[in-house]
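Questions regarding the structure given below will be posed in turn.
Naming follows writing order (A, B, C and D), and every chain is counted from residue 1.
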Amino acid sequence: MSELPFHIYPLETGFHGPKRPVANPDLVAEYNYANFSPFKNSSGNTDEYIASAAKEIRRDIIRSLVEAKSGHSGGPLGIADVMAVLYFGGVMNYDATNPWLESRDRFVLSAGHMAPVLYATLANAGFMKKEELLTLRKLNSRLQGHPGRDMGLPGIETSTGSLGQGMGIAAGMALADKHVSKNGRRVYCITGDGELQEGEIWETAMFASHWKLDNFCVLVDRNHCQIDGRNPDVMEVDPVEDKWKAFGFHTIHINGHSISEIRNAYKEAATVKEKPTCIIAETYMGHPISFMNDDYRWHGKPPNKDQAVLALAELAN
Amino acid sequence: MTKFELLGKKATRFGFGEGLVTLGERYENVIVLGGDITGSVMTSYFQEKFPDRFFSTGIMEATATLVATGLALSGKVPFFASYGAFAACRNTDMLRISVCYNDANVKIGGGHAGISVGPDGATHQVLEEIAITRTLPNMTLIVPCDFAEAKKATIAMGEFIGPAYIRFGRTDTPMFTKDDTPFEIGKARVFREGNDVAICACGPMVWEALVAAEKLAEEGIQARVINVSTIKPLDNETILAAARECGAVVSAEEHQITAGLGGAIAELLVKNNPVPMEFVGVNDKFGGSGDPDELMALFGLTSVTIIESVKKVIARKN
Amino acid sequence: MSELPFHIYPLETGFHGPKRPVANPDLVAEYNYANFSPFKNSSGNTDEYIASAAKEIRRDIIRSLVEAKSGHSGGPLGIADVMAVLYFGGVMNYDATNPWLESRDRFVLSAGHMAPVLYATLANAGFMKKEELLTLRKLNSRLQGHPGRDMGLPGIETSTGSLGQGMGIAAGMALADKHVSKNGRRVYCITGDGELQEGEIWETAMFASHWKLDNFCVLVDRNHCQIDGRNPDVMEVDPVEDKWKAFGFHTIHINGHSISEIRNAYKEAATVKEKPTCIIAETYMGHPISFMNDDYRWHGKPPNKDQAVLALAELAN
Amino acid sequence: MTKFELLGKKATRFGFGEGLVTLGERYENVIVLGGDITGSVMTSYFQEKFPDRFFSTGIMEATATLVATGLALSGKVPFFASYGAFAACRNTDMLRISVCYNDANVKIGGGHAGISVGPDGATHQVLEEIAITRTLPNMTLIVPCDFAEAKKATIAMGEFIGPAYIRFGRTDTPMFTKDDTPFEIGKARVFREGNDVAICACGPMVWEALVAAEKLAEEGIQARVINVSTIKPLDNETILAAARECGAVVSAEEHQITAGLGGAIAELLVKNNPVPMEFVGVNDKFGGSGDPDELMALFGLTSVTIIESVKKVIARKN
């Protein structure tokens, strides 16, 4: 018996015309991107090291968004600490120099609109040149408004952008790893809390616990905000933890801006057997930028030039 | 016939939003369901004026469609609006069985139509929902050409009884129809006379067709421009008359050419009067990020492509 | 300000050609349908009276299915006691002689495949002549395989058959009644337990509790079975009650074959404020027929002639 | 060319089920997802032989499609099958964004196609999914004509890389192709020669077309019968050759005539060689309960209607 051939990564069917966008050279110089060397991924890294990575991720989110002139600020800034732990705290197993390595753990950003934080994290991990961040949302950029697998960007495992879908794809990957390939890979997924209103989230939760996917770890970005307002004003999602418990998940409720709590949560998740884990991370949208923090109106807005200057100043070491 | 002039630019979604307000003022049983992008599909206008008749559903397009069905079966006239990618695709089974098979008086607004959405990229640029909604029995499908028509169409679909879907865009596009430009569900309008070729367009492509026609006139080609703002039911009479009198047709839509407006016209033509036809639309591809104008040019959704297609189809006239 | 006109009931667009099917006259005679007089709906009815109605409903399910030669036996038989209480225990407000009366409570069978029990109940309540039950699933019958509103059958509020949809429609009706018309009507809905695997159930649950639809009562036919087997072998849905609680419902867990428990549950539901109620009714698929009871293989099968004779014998007074 | 004979009757769903088993025997990375109707869409065959590679999803067609996507992105070749009403409509957004935009190697089997489903009624009789799936970029759409072809098509779609959807039926329909009848994705086959008219059919309507052709031959009309078993990508060459040589086309499908196989052919014809065409299919209506033969006759999905349409279209030739 043989294996059917398949071609998965990288896929490069998405280019609409030959020209790729180029980053503004003045900004590349200003941000000193040329001399940047990637952060390391190790469980030995100190919380301070990871916090510094998170700060740099946030700076890059601001830089890419102000240049893009459209896109989502709030969610990406709020989840930066979690992303820093995933990629630089030794949680996820990957090799940025060999991005499609079979043995890599998988990461799926189910809330695809948070793409800027994923791109910034990948750049800071060395999956791409940092200057490419300045092509966000431009024609033919590998950095699409929502992650597009068709652009072949290393580290993008799947297209997302329609809420509620990424988690199901991630569960499918976890199923393949645990019950088919039995390869020990783990699958990490991040969803928004407004995203929990989509029924596919609960279908997938039921599916993942039925199949005992203990290699599957979902983190909910619990910022209590969505586009039209705070969750309870749009559609109440609480009690969030009870829901996940009732759907068979092991749950961990943490402060999503505490590097140590995030690290411990992912450590704990890795030890849970026969159950998938859901980490509910309390965050603030737009954190820690003073004029964005906990304000839903920053869900889908980029900073303008002045706001970017202020934000970057607040993020200076 | 008076020539259409450019009156400025405004997205069709604003016409939808204003139309809802007019309906709300006129009729107490008009209800609006919001899907957490109310400020983007402009149901926020209705929400501000009629908070008691606005209900937030959060992000659950399938259930919002079902809730709308229940409202309709209770004598209300519910509108649910989201981006077309979710208002026609996330809830297709609901549209088919609960809305259309029930023949429930549900009105769906589908925004972010086409690649003119711009930087958000392919996931949000819906190019398939004309095909999806027009294949459903009992469904009425409207694609207004500009702001003013979007407003009229929204009011008309509310006053009309039966399932209906309206498609509108995010980006500001030319305004060229006026308050007194007639609109009627099921009626396609000739916006420019001509007998060398008929350009049947919908949405913002109608303006592109008018621009193309002007340029073609300079070369002595008189194009008839038809605004097919109702795609289902199709105005067979007007389109067949054009086919008969012009002998060639070009369709133009911000949608896959597969099974869209062009497909509807092709079905009509071969069944009644097979004349050469060319299709302007997206050629079986997904969109991508970029700014709207760049994308429209890159995907060939401009007067330039229409002109090329017109010349191609005229050359094919035996 | 005026009301937009609307035409809802009855809709009669579904007939495919003029001829309506006729019931087999021999069977009409054999079942003595001509002399039947409908059961009464009253909170004063005794449990025995309601039980006798349930038994007659079950007989009619068997009679219509054996004549149809296709259709679902298990679910309909299992939920007959609940249906009898709804229609004959004074729970639902309706007038069979004036079926489209504005003030009527609404009933939605979300699990549309259970249509035979709905038809049998409606006939026993006087919504139609009993002999029409013998036209089930035949060409142009008003008794479609799954409820079809387009056939204009009195008592059919909506088409159902695609699992997970009816409950959302019912919630929309409840929203109209509580928050728009404010008319005091109540909406009753029945779902299957396999149906709980569809995400729209949980979207609707979240929606109904967000809008505090205390005029909305869902009953889950908890028979632990679906087509391919018992729920846990297909897709685990437990803990069912925890799920509904976590989604903001008042829950009542009962024996779905105890007339008194069902009556009390619906009484309790009517008193709950600011919350929708979910009654979890433990039932047996195919109950009480000896060779069907609790056997998932009877989900979608009709009895053959011999089995029908046996079943009707078991159901004889 | 050898004449096709009736070899008995068997539903195409059994061919799908057997094809899956063959794939399972050949390839260890073929996976099947069951949606609680496995005994009806015949994924039960695979389940019995390869329990370790069969995963039950319960009743959640949207998520099953997403899980299949994840499996595909992990190097598996997943098949998910349900009734077409749910395998193409309940998960349309998932097919569009997760499967097709991802270009994920996901295979969907859609059963209970058409009104030949019978007594279950309209909800289960899907007549819209050809339109829905063919408008999606990157999608391949196959509609086998009988049991043997369904088996070949299933194996072929497994061995081919990319998103694919196969449509099959519940009710026993004529078997007439043999193990050695060639099948190739993207290739339409001429099943009967003739130059007076071309009947382009898919699914069980291919047999009806062959029956119609025999009757027409008695009246001196030679109909070419083409089995269009791949609707996307369409075999333009074979169909255009038929249009050129026959000068008239009739489409026959157990689907809405709106945007289905007929629509795909109409689009091809007007763009290349506009010839008269007639459509045999369901005319923008929902189905209903009844037994399959009664329904097929009532909805005009038989050789009788094909014969009428052939005469109509021949009369329309210049």
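To be clear about the criterion, a contact is a pair of C-beta atoms (placed from the backbone, for glycine too) under 8 Å apart; a residue touches a chain by one contact, two chains touch by 3 or more.
As the structure is a prediction and not an experimental result, all values here were calculated from the model.
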Subunit D and subunit A - chains in contact with each: B, C
B-C against C-D, pair bridged by the larger set of C-beta contacts: B-C
Inter-centroid spacing, subunit D versus subunit B (mean Cα positions, whole Å): 30
Centroid distance [mean C-alpha coordinates] between subunit C and subunit B, Å: 40
Distance from subunit C to subunit A - Cα centre to Cα centre, in angstrom: 45
Computed distance of Cα centres, subunit D from subunit C, in Å: 35
Junction residues of subunit C - those touching two or more other chains: 148, 150, 159-162, 197-200, 203, 206-207, 210, 235
Multi-chain contact residues (two or more partners), subunit D: 57-58, 60, 62-63, 85-86, 90, 93, 97, 101, 122-123, 285-286
Category of the chain touch graph - line, ring, star, complete, other: complete
Sites on subunit B touched by subunit A in the complex: 34, 36-40, 56-60, 62-63, 85-86, 90, 118-124, 285-286, 288-291, 294-295, 298-299
Of all residues in subunit C, those that touch subunit D in their complex: 14, 16-17, 68, 70-71, 112, 137-141, 143-146, 148, 150, 159-164, 194-195, 197-199, 226-228, 233-235
Residues on subunit A engaged by subunit C in the complex (per definition of touch): 197-203, 206-207, 209-210, 235-237, 239, 242-243, 245-248
In the complex with subunit C, residue positions of subunit B that touch it: 25-31, 53, 55, 57-58, 60, 62-63, 65-78, 93-94, 97-98, 101-105, 158-159, 161
Complex contacts: residues of subunit D adjacent to subunit B: 85-86, 89-90, 92-93, 96-97, 100-101, 122-123, 128, 131-132, 134-138, 232, 249, 256-260, 262-264, 266-267, 269-271, 274-279, 284-286
